[in-house]
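Quick one: the structure is below, questions incoming.
Lettered A, B, C and D in written order, each chain numbered from 1.
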């Protein structure tokens, strides 16, 4: 209510909060740099890059890591509970996002590239705030047991489908359905309805079996997503009409 | 209540409303012409058209644009707030739908063809009326935050999947998974379950990774549609039982 | 309450109702014969059938049509409102299911085969009874407006997607994306997530466009099914708790 | 309430219940052995296994079957109603999971392999407990009629689609759409949106027909999964707010 009260924002407000103008600006700058760093990382994977481009990408790398390092130090300084921040989810993510740069310098290039995967976790920071995440968490908590059950049932069905199709197709297609493990790949691609078309049954028995598996499987594999949607809709409703609950 | 009151309809009733007989007829004629114009546009793209067909299509083009121009002028004349109409969504769409015809005559053919894309927006007019659109808007408003969150989470997952599959498949399939950008195409085609079959993992690691990504991804990518459906169902319910809300 | 009251069932009870023992038996026999007739029809399409098999299939055809003809005559006789039955949905379906057999004898074989398609409508009889159909109808009535809107929006999106991909892919793949009509096929196969893999974009622009179209499209095309499911769930709930409504 | 009451657990508590420490341990050991046995079974299908591996897999087989046999005997001894357990679902599953090992020793290897399929049912034991299963059953009970109706409608649609596409595509693709049975395979793969790409229409008529079938079919085939999700969400809600029901 008393906006006039506002004075020079504290470091904590700038670094950890987003309700002052400078705090929002800080967040936007950091988030933009994360995206710049991710785009730069993606470009690095392109084959046949010119030496100039490689040099430019290296500058972007050094620059963004420098800024993220300063940001990390500021967060540790500003945190009310320093060790609490360092061992919190985002404290660890922030550190892991910059550590490979310093740690990998002595190693060969290939190793560095694999370490850089962790940099992606910076993107989690983009989702740090918001009531929508709280709702997503509440929803997930509500339906967790069901999701575990339907995922287990899906895994069971996928394994059963893989063993079944192995017996139907192995003799007709000894390469595509060479063992239960390659049949598992078929079962996953089929029951998720992705259907690449790299493996599919050609025998009458295999096709009848696939039909039965699909009719049962679609009613199991598709349930978790529908359940999350339905439960989320209830959570949204409950928030809008608090007097009913 | 006083239907007897009805006299000769005003221009506004004819052009903007559909509760008089002539107003409905006007709408139907315009909407039919939009469809004629779209069909004609589609036929134009067919290769090896005879000169006679091309001439016929040109006549359809000139005819429909002429009628849409008259319609636009009538709408401006009939509008109670002329500038309000001109800068409204449909005012702009109506103008953009006819402008290319007049503007493009001096330019080369290729440019004209690209401008003609805007003609498609005429189809929006078909959806101008109806309570169903109001409900769709209300529903979208209700779940907007969640949709943004799940779309962001989907984008994050797609990027993570692309980087992961790049590391698993790049060496085995240097053409299909040449860089993170072609891996992104794979991730989008897979997580939407379209699964064209132009790119798919062949290594054991890549297939295991795909399985994990699909199990997590399907529960994220499919949520927005289910949420819209569920929320829409609530909005419909609320409309039918207004005393409860 | 007074089961003892039951006497010899009337023709109407046998033919049109299923709450007497003989009425149920009549239904079961007819429904089994419909399935026999459909299986026989499917076998007829197999290439390289032996003359004996052809003769057997012909006997099944003549036999089932004879029984369905007797059934039709019995229904007309038993119907309380004869013309009402003849022009009811199932009256017409019953007649159309047998008429081709009598009408087609003078024509060539090809024509007969096409007429036989109508025989399939006999299967509708299998779904004649049940409260579940009443619920399905009530549900459909509830969401009809929304389904029309989302189907229209889907058609609009599909057309927009087809025109867009035509501009992106036509030059790179002049055969696959030769015109807006073949692009429409791509748009339908993609937005329904069937993804056969017969046509898919290969240009960077086309792939980016596909991504955007899929993100918007999946949230439109998948809504009607979810809406039917959600509304059906409400109808079921309302039936179980009638005091609330 | 009286935890102190607990004394040495009875055999029934160890074998059939999981609320004592030793009962939980027993369950975990058995469940782990089932998974070991399934993994071992999958590895057996790999071509080109070394003799040493084959011998190791045989030891795993003998060992797990021995333990499962002891477990089965203990269950029969501990069961309060012995014949009730033996003829219960899990009693039969437990026996069928071990019987092939003893019965098949006199037969040839191929027969044994097919019998081993039943071993998979051991995995059902993993899902023996939990309220989530009770909810899944209650949900299924609620929507059983609708699922039967929509599955029947799906089967009807699939058959209709197969016959239709046969007439459109048979002449253009006499191999892919050779008869109604191969067309049925196309219909199943298409309406479940798997879309392998092994068969797809190429004629204009076939493509238009596919479009219509998909628009109707997706709104039927996808309903059961959505309905289960929606009803499950209601069951969860009802459990949390018992005073409302």
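Everything below uses one rule, namely that contacts are C-beta pairs under 8 Å (C-beta built on N, C-alpha and C of every residue); 3 or more make two chains touch, one makes a residue touch a chain.
Predicted model, so just to flag it, every value in this text is computed and none were measured.
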Interface sides of chain C and chain D: same vs different residues, half threshold: different
Relative to chain A, chain with the most remote C-alpha centre: C
Between chain B and chain D, centroid-to-centroid distance (C-alpha), Å: 41
Where chain B and chain C are represented by their mean Cα positions, the distance between them in whole Å: 29
Contacts with two or more other chains, residues of chain C listed in rising order: 181, 193-197, 221-222, 224-226, 229-230
Chain B to chain C touching residues, read off their complex: 38, 41-42, 45-47, 113-114, 117, 120, 123-124, 126-127, 130-133, 135-136, 147, 151, 154, 181, 185, 188-189, 192-198, 221-222, 224-226, 228-230, 232-233, 236-237, 241
Residue ranges of chain C touching chain B (in the complex, touch as defined): 142-143, 145-146, 148-149, 152-153, 156, 159-160, 163-164, 166-167, 170, 174, 178-181, 190, 193-197, 200, 204, 207, 210-211, 214-215, 218-219, 221-227, 229-231, 234, 245
Residues of chain A defined as touching chain C within the complex: 193, 195-197, 226, 229-230
